[in-house]
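Here the structure is laid out as structure tokens; the discussion comes afterwards.
To keep things simple, chains are lettered A, B, C and D as they appear, and every chain counts its residues starting from 1.
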């Protein structure tokens, strides 16, 4: 078990964990957190592709690593938009949940 | 000598990892905060030791960045606690 | 070198353990603390994958700034907590989701175990980019970002600006042009003021250092810009400075500067050096450093504005 | 001279690692939040400080040595002031 395979399997496990939280948590910020876990798991998989692609005198393949760097920043930008939308949604509706049942209840999403 | 540096790094990471149990056990959020801070400092120490033992370039700069960011999240958490407790008297 | 494999296993299990905690923790605060610790641990994993550039980005953006974003959001959301009680999902849904998540993770893990051998690599192309068009850049990652895949990097800056526009436009109509809500409501304590006043100047110095060494050593515009952004946020969190009004001319100019300069240089390359985004040989390195300087400015202003959120008060004039 | 420095380096790093160990034990075993905070600051200030001190003779150039010192100074500053802030948050008691 080389370090890169270990990191890759960790990434796979993170994707699984994140998916579980994303589906099950009714709280929108917890969903966002879970989504970020999935993202970093995918980044780790990129990381081991970079580590395995060592060639041309480098200890790593710089192309996937550069993509991960842009990826982290873009993921943060997306999270910021998600947070803004969540805050606005809860301000409008006074509901801090994404549970479908709450929203479809007769008096649930009243402020629309 | 390098082996010794790595050994020290391993020891520090292990102890700090055990300290992370405070995140699980709490009991209050302040304890969780302390565990994260210990992880940050221990991580910086381990990074420095690994940097000097393995000569991977740039690890020092990562440690520098981590040292700079160490109080960053803590300040935000303190602000949150203060907001929970109403306006502060100085 | 017998310590390192043990360290790797410890690190991997810690990452998974803390991730599990952030998913299962009962309250939001605990789970965000867990997420910050998780980001730190990931940074160490990236070091072990020989990716100090990524480690620095992950520590600054993935752990630090994202953590502050989530904490601030939780604080603002806390005022509304009185609404609907959280619904707990049923057992059957839990099992079903668990099976699905295990299947996805298992498939991904299997794919990782079956990765092609010998591995495909773009490293030779990146090496060519480092010694060719971006002549004299010893950091291959900066060469890839600024030369080999420069178009991506420029579009990524535009994404950042679009995100800021998106966040701003979520605010109330009547608040447009005003300043976002301050990151701290009450007056700060003296230790916090001292910390921010000492940390910020040192941090600005370190941020510029990391940007400057980025041409030849790990570091670069992203990492330097993120550290500068963090320092601006520290001053805002200690109430040394409030968030600026979003219609401030200098703010908008600073945010657009990075991609604008990048685009103009790219077009100029089309005229002077024969192809879009080609750098004229000989002066490639100074040109790249100049573009990166403006990118640092854009990142350092855009990230704090994303955390500060939409404008909240009616502009008073 | 070099062996003496080597010895100093090993001693400082070992004591630093010990302080991390002690800090962790304190964080886990001490009975209340304020005493745990006390243990944490020992690990922060002394542990990292001694490790940095031990690495100082091994630095290749002045820039590396300067970085070690700056890292220590930053952690001292942030450790001391966040300990104040955390302590105050604890003393006000509702958390």
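Quick notes on this structure:
To be clear about the criterion, a residue touches a chain if its C-beta (ideal position, glycine included) is under 8 Å from a C-beta of that chain, and two chains touch if they have at least 3 such contacts.
The model shown is predicted, which means the values in this text are computed figures rather than measured ones.
Top-ranked chain pair, ordered by C-beta pairs in contact, is A-C. Mean C-alpha position of chain A lies 33 Å from that of chain D.
Chain geometry summary: the mean Cα position of chain B and that of chain C are 19 Å apart. Centre-to-centre separation of chain B and chain D, using mean CA positions: 10 Å.
Centres computed as Cα averages put chain C at a distance of 28 Å from chain D. Within chain D, the positions touching two or more other chains are listed as 70, 74, 78, 81-82, 85. Counting only residues that touch two or more partner chains, chain A has none. Residue positions of chain C with contacts to 2 or more other chains are 4, 50, 53, 74, 189, 192, 195, 199, 202, 206.
Chain pairs recorded as touching, per the definition above, are A-C, B-C, B-D, C-D. Per the touch definition, chain D reaches chain B in the complex via residues 6, 10, 13-14, 16-17, 20-21, 23-24, 27-28, 33, 36-37, 40, 43-44, 47-48, 51-52, 55, 58, 64, 67-68, 70-71, 74-75, 78-79, 81-82, 85-86, 89-90, 92, 94-95. Looking at the complex, you find that chain C touches chain D at residues 189, 191-192, 194-195, 198-199, 202, 206.
Those residues of chain B lying in contact with chain D across their complex are 1, 4-5, 8, 11-12, 15-16, 18-19, 21-22, 28-31, 33-35, 37-38, 41-42, 44-45, 48-49, 52, 60-61, 63-64, 67-68, 70-71, 74-75, 78, 81-82, 84-85.
Taken in their complex, chain B has these residues touching chain C: 3, 6-7, 9-10, 13-14, 17, 20, 23-24, 26, 29, 32-33, 35-36, 39-40, 43, 46-47, 50, 56-59, 61-62, 64-66, 68-69, 71-73, 75-80, 82-84, 87-88, 90.
Chain A contributes residues 3-21, 23-27, 29-30, 32-34, 36-37, 40, 43-45, 47-70, 72-81, 83-88, 90-91, 93-97, 99, 101-102, 108 to its touches with chain C in the complex.
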